[in-house]
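Read from first to last, the chains carry the letters A, B, C, D, E and F; within each, the first residue is number 1.
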Amino acid sequence: MSRTLYDLVGLAAGVAFILALKGLSHPKTARRGNLIGAFGATLATLVVFFYANPGSSLPLNNLGWILGAMVVGLLVGVPAARKVQMTQMPQLVALFNGVGGGAAALVAIVEYLHLGAEATTAEVVFTVFTVIVGCVSFSGSIITFLKLQELMTTRPVIFPAGRFIIAATLVSVIGVGGWVVSSLGTTPLLVLAGLSLLFGVLFVLPVGGADVPIVISLLNAFTGLTVAASGYVLDSVLLIIAGTLVGASGTILTRKMAEAMGRSLFGTLFGAFTAKPQDTSGSAEERPVRSGSPDDVAILLNYARRVVIVPGFGLAVAQAQHTVRELADMLIAKGIDVAYGIHPVAGRMPGHMNVLLAEANVPYEQLAEMDEVNPTFGQTDVAIVIGANDVVNPAAQTSPGCPIYGMPILEVNQAANIIFLKRSMRPGFAGIENELLYDPKTMLLFGDAKASLTKVVSALKAL
Amino acid sequence: MSRTLYDLVGLAAGVAFILALKGLSHPKTARRGNLIGAFGATLATLVVFFYANPGSSLPLNNLGWILGAMVVGLLVGVPAARKVQMTQMPQLVALFNGVGGGAAALVAIVEYLHLGAEATTAEVVFTVFTVIVGCVSFSGSIITFLKLQELMTTRPVIFPAGRFIIAATLVSVIGVGGWVVSSLGTTPLLVLAGLSLLFGVLFVLPVGGADVPIVISLLNAFTGLTVAASGYVLDSVLLIIAGTLVGASGTILTRKMAEAMGRSLFGTLFGAFTAKPQDTSGSAEERPVRSGSPDDVAILLNYARRVVIVPGFGLAVAQAQHTVRELADMLIAKGIDVAYGIHPVAGRMPGHMNVLLAEANVPYEQLAEMDEVNPTFGQTDVAIVIGANDVVNPAAQTSPGCPIYGMPILEVNQAANIIFLKRSMRPGFAGIENELLYDPKTMLLFGDAKASLTKVVSALKAL
Amino acid sequence: MEPMAIVSIFVLAVFVGFEVVSKVSSTLHTPLMSGANAIHGVILVGAIIVADHSSTNLELGLAVAAIVLATINMVGGFVVTDRMLEMFKGNKK
Amino acid sequence: MEPMAIVSIFVLAVFVGFEVVSKVSSTLHTPLMSGANAIHGVILVGAIIVADHSSTNLELGLAVAAIVLATINMVGGFVVTDRMLEMFKGNKK
Amino acid sequence: MRVVVPKEIKDGEKRVALVPDVINKLTRLGLDVVIESGAGTHAQATDADFKAAGATISDSEVLSTADAVLSVAPLTPAQMAKLKKGAVTISFLSPVTAVDSIDAAAAAGVTAFSLELVPRISRAQSMDALTSQALCAGYRAVLVGAEMSPRFFPMLMTAAGTVTPAQVLVLGAGVAGLQAIATARRLGAVVSAYDVRPASADEVRSMGATFIELELESLEGAGGYAREMTEDRAAKQRELLTPYIAKSHIVITTAAVPGRQAPRLMTQAMVDSMGPGTVIVDLAAETGGNVEGSKPGEIVTTSGGVKIWGGKDVPSQLPFHASFLYSRNVVNLLTLFTKAAKEGEAVAFDLNFEDEIINGAAVTHGGSRRGAK
Amino acid sequence: MRVVVPKEIKDGEKRVALVPDVINKLTRLGLDVVIESGAGTHAQATDADFKAAGATISDSEVLSTADAVLSVAPLTPAQMAKLKKGAVTISFLSPVTAVDSIDAAAAAGVTAFSLELVPRISRAQSMDALTSQALCAGYRAVLVGAEMSPRFFPMLMTAAGTVTPAQVLVLGAGVAGLQAIATARRLGAVVSAYDVRPASADEVRSMGATFIELELESLEGAGGYAREMTEDRAAKQRELLTPYIAKSHIVITTAAVPGRQAPRLMTQAMVDSMGPGTVIVDLAAETGGNVEGSKPGEIVTTSGGVKIWGGKDVPSQLPFHASFLYSRNVVNLLTLFTKAAKEGEAVAFDLNFEDEIINGAAVTHGGSRRGAK
């Protein structure tokens, strides 16, 4: 196989990766995108067996070892990916990312050993980069895995003088890197690898559980860059393109994730340097709620088969009746089964919701009384509660003595997903907390109901 | 100046071009995008005076000629671009595109002459490509210019056996191209250039006036490719990147333009080969109307200061009252002055529009009576007529004897832009044609009013 | 430069070209075309290079002509695009 | 390959990377990250190349380890991404 | 020139032909406006209001000096007899029912305009009093229906159970019918409607109501009006409508054919098919009634507990706005043939019978009844 | 056990305490339902309907055998005297105005429930007849106001000029007031409202109306009701409201303070500030009137041409749905203390005075008046 053909196939694989990322960024094409990526990767892997390096003969040296190692990798990777539970996928991704970073570091080390004194300065610099970043990615990912799997505490681990230790480690990593470039040798490289692994651990430890996904994404981008650097050393356009793509898209993605979660990227990442030990036993732990973006809500709705809209006083306050109708109409047009679940005392006046929804021309047939809609929540994929609160509060059934005890409610807690549109965590008319807001099935979309709905409608259109 | 620095500056210019195109595809950033592009081009041009070619000494040879020629170019190009009227810009763009193509062809010819027998086959092939495409672009653009400027007929020019002549020319162009590659020499190249110029003329002649912009866009993409090919011959990454960018984006753009205008790209371009001579004197000429896309409407609205919405019976038929209110609310939120101009007999019942708009909760203050709104059309940027027809038909003032003569109308024809949302060219209740639909200020958005408005609202959100 | 590098650059530039304009709204079609048109005026760089190493009068003459044309294309293109975009100045907020 | 070519390729690939994911919706963040993660598993190609020209046992051992890790990354990554995306199968229409 | 507005003498007529705020449109032309004292009382316009608007109030006989007389109901033959020769009157003046008044007008040499005869062309829409008054009637019909109904119109889901919306059926979807649809829909009722004109289906739907398709041929006459039905078709229509009527809580009928008896849309049996507590509003009661048993100006309760409200002077029941709209119609017609006072010249009437509107609306002129109307 | 519904004997009372379609909720528990013949006539429920729903119709004296008596108006002392000892009555029974009936109930050893005293807790919302009847009253108030007004409610731009929308002012935005706002807005009026409760502003705005901010301190009493105003504040409020009233076409007043005279919101002078043809609907006329000069059950026309409609038995004017809602309230309260018939056991009443609702609503028990009510 000629070098040109080999390179062209590599380029084709690179194009496949571009198409893969493009596909993955849109729900409709995401699955196909992933398959295209897998196809590209397979192609790139296969073709290397037909051409390795200028002058080297085929079949590859150490073919047995190579194939054996691949089989081992397959036997480990596939079942792990197949069996993992939905909720544990993030940590698996972290793990995969880590091993990828490790692989890149190993490849760089082997090439370094192989080249020995022949290596150009540029090659050594890239090798050092790969080793550092690959090792950081490896050990950092392992820590994120441990955190997510709750094999260690999910809270930020902060120890006295931690930030000085981290800074010192970073300085040593850079110093040793310089040493490798100037002196060339196995020992400095191994020291470098060791220090980098340490730095990875220190870097991730102070990150709190909620920020971990952002860090994974960042480490993923890092790994991409190491792959690109390896591509330089190994003279492979494919690796350069693939690595750069992942590096660039990973960076954007990291920023977007931080934005979507309302986190400061800087704070998350450099928390390690700025964090001071805190009195962890002190203030009562704030109860976690899951808040989502309009996009998340749109996607949940888009892939539902049955949606029940539960309006309340907040819908009236926000005067969002027209917008809610628009949303319902869009869902109906997509073939989704939509009903409005009207609680008899939703709002502040008998028939309050009827007045509003009639104004927005919602067909009467879409309005379902409580007794009619309650038995259907079990088959409902998404219950979207818009400015209602008391009328869905399970305390009415579970907390004798509370002011609403004994009032029949809309049993949205039976639905597979619950979305709340409200402005804050404040309670409703009866002034009592709603446990449902903390339910793991619940996603909160904070903001004025009309503004939120408008965003959801836009997001839905963009899907 | 080192080659590396020179190349890096070139790459920077390439990045500037990427950012320029990116900026140009969004209204908010379009102007800035263009400036970035101009900056990149200036940078690239300046730096070439500090470094030309490996081994050649600075300052450049023929510096006087070079600078003189640039001054001439400036003296021609800038005033032309400055003074041209808004309506004549498309033909100027065509002209500029043509000279660009001509320049690329000339550059290729000079380099070919310069290299003489030293040229590699690849270089010759690229030269041939550049000459052909550059010449086609040049002569084709000149013809489009003449058509748009109405220096020649805007109708398709079709002559007997035209398609055979065109095909024959194309074949000869390719043949002579092969001859150049195999024999190398000045004569064949000049023949090639001549034939290519001819082909450009023949290619564009059969294109009708309405399709000309699509052809300009295509020729623009062609020119981009010749620049990329020149970049190969001249070993300039900058030219490769810039040319490819223009080629690729130009291709996409051509397709999009054809889509937006509802034309078949294939039909437009290969009309030349398939067109048969027609009896041009026959059927009455179909009167041209300007139809736009929801995007166009959204942009017009977005940049208006005052918008008057004129609803009619079609709004009621489409039951688009809620959507129109959504649109108005969005515009108001942008600080645009919005009023509904209500004609006393719009619809089919006295107060028909009031009933509808009240249902959608349009505040009464936004409704303006005819007498109140008519004097304001002069200061209105956009009048958007939604499913109305008779009530804005100037025939009521200008055509004694027509069924609506003497009825007062909403004088939307005084507004700077008029948008009509209707489903077809059919007349309204009175059954008479509306001249306003053919007004050059008018843009038609065909389709059910509710569907169209929904699209406009989305487009406006996306801005 | 190696052919492989050139091909890679070409392919990637094609993707960039596709992607950056993929969301353009139809009212920007003409300005975008005009802007892209101005960008290919950068052939001016090529024209200057060939003018520099022109050895015959014919070559120089053609090169000078190319410079004139390319300058018109580039400078005129950016100016006219800017004028087209005046309406997007954003006189509001 | 010339450094200039590599830099150009790098820069262009950065743009492509930026552009293609610039419109991703937040629910796809995790699958996209996972897919990108699988893509960098293509370091497997590099691992195979170094395994091919490993001359010492140390080198070979490390290279084999790299292959194992890279394979896990690549194959596992694509599989797990696919599973994440099952919900987008589109059970409607 | 004197424009006179006499007090309406017809029983139950509460409108007035001019309201204060349009008077300046006439005085500006140079016309003198004289209002009989108390003419506006029922329409909330006092003598003082009129005076303030520039009119003169007269307590005594006003007709004999008038150049133009504006009224709602036709002038009686006695009133006509008092007019000057050549005077102009504008009022409702049906060529079918107001024959006496028309004869008297002809005899008195008066030019009498009938608002019923203003042609339905675009230019004349601002003079179309049939339309403006039908608008008032349609609105009233729903208020009256809602008032009489023992049910809510809107749907309301409450802690004490769900109130289902009222089913309203509108028969005849002309101007009054469409306005009735709009008003009933506003109140939250579920509305369906039927009409014989082909354009009607779209018009009904454009109001957000359901159109009942009976698969009968449509009936369209001149000027956008309906034609009379044959007895065959009428029977068929009644039969097909019965099931819709039986399930309605409120039926509003507005069907009319110009110059004819109102078509009989509902027989006694159809009325009986409705349950107790249901309501029928018959806006056509005065012209014969769309509903068997309806009596103009009365509420008839059937043995089955159905209430039938027979309309009589319905626009008069909204006197303020009915007069407001009516007076603009009248003023628009009057100004059509008034030459404004200019430098040195006095204001004058200029009756150009070439004009389609004047030609169409003038019933008498120069001592005789005009045309074959 | 026998549940008896006597015919309402109060003049103007058209509701009935049970409608046919809720009867099965009682018979299912094992109760016998006896309806006095003709009890449902005004609410469109015939004896036949009741029979079909599972009730027995009785022509003769029904009270003496009753275990529970359901009615709308309080039983008269004479009726109470006929009851068995230990019988239960459920009806409106104001501890302030129905003192005689309460005394008679105590004397007869009857347990009398007053629907006015059902506490306003979430669980009791389905028994809250004040709310359900206020809903009917609020809706009616607007219909009546629109009916009496000589104006259109909605805005209409027509060829004969533009009809401007009616300005409606609602004073007291409780249940009835909010429903009035909703209904007037539906009809197209421009609505503003005022109330003294602090939560009211948001509630009014949530109906799409404008809340009038008077910058007076708010008055909130127990159970979400208002407190009585001091005379000082009342005067201040009247003064500040006057300009709003003067520009209104329709004023609807619904203000009430439980157990008190209705607050006087409008003096004669405020009424006079309104123009001729304006309308005031006073829903509080029966409890003293929010408006000076209003008379329950009458329409008073002032010398200035303002019509004041004084409400009397307003929910009775919507008898079908008022009864529909009322009977569900009553049934919900009755079932609260009814132990359903089980295998071998008979149905029984189980009055648990620990229950907040039963404790709150029962006025008499075991021969005496309960608590300090």
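Quick notes on this structure:
By our rule, contacts are C-beta pairs under 8 Å (C-beta built on N, C-alpha and C of every residue); 3 or more make two chains touch, one makes a residue touch a chain.
Please read all numbers here as calculations on a predicted model, not as lab measurements.
Looking at subunit D and subunit F, the chains that touch each of them are A, B. Here B-F and A-F are compared, and the pair linked by more C-beta contacts is A-F.
Ranked by how far their CA centres sit from the centre of subunit E, the chains are topped by D. Over half of the residue numbers at the subunit C-subunit D interface are used by both copies of the sequence.
Mean C-alpha positions place subunit C and subunit F at a centre distance of 79 Å.
Remark: subunit A and subunit C have CA centroids separated by 40 Å (rounded to whole angstrom). The geometric centre of subunit A is 17 Å away from that of subunit D, both derived from CA atoms. Along subunit B, residues 18, 237, 241, 319, 344-345, 350-351, 355, 358-359, 361 each make contact with two or more other chains.
The set of subunit E residues touching two or more other chains comprises 125-126, 131-132, 135, 154, 156, 158-161, 163, 186, 188, 208.
For subunit D, residues touching at least two other chains, in rising order: 1, 3-6, 8-9, 12-13, 15-16, 20. Counting only pairs that meet the touch rule, the chains in contact are A-B, A-C, A-D, A-E, A-F, B-C, B-D, B-E, B-F, C-D, E-F. Those residues of subunit E that touch subunit A in the complex are listed here as 154-163, 165, 188, 190, 208. Note for the complex: subunit A touches subunit D at residues 13, 17-18, 20-22, 24-28, 30-31, 33-35, 37-38, 40-41, 44-45, 48-49, 52-53, 56, 60-62, 65-66, 68-70, 72-74, 76-78, 80-82, 84, 86, 89-90, 92-93, 96-97, 99-100, 102-104, 106-107, 109-111, 113-114, 122, 213, 216-217, 220, 223-224, 226-228, 230-232, 234-253, 256-257, 260, 292-293, 295-296, 298-300, 303, 305, 334-336, 459, 462-463. Subunit B meets subunit A in the complex at residues 319, 322-323, 325-326, 359-361, 458, 461. Against subunit D, in their complex, subunit B makes its touches with residues 4, 7-8, 11, 14-15, 18, 237, 241. Against subunit B, in their complex, subunit E makes its touches with residues 121-123, 125-126, 131-132, 135, 175, 178-179, 182, 185-186, 199, 202-203, 205-208.
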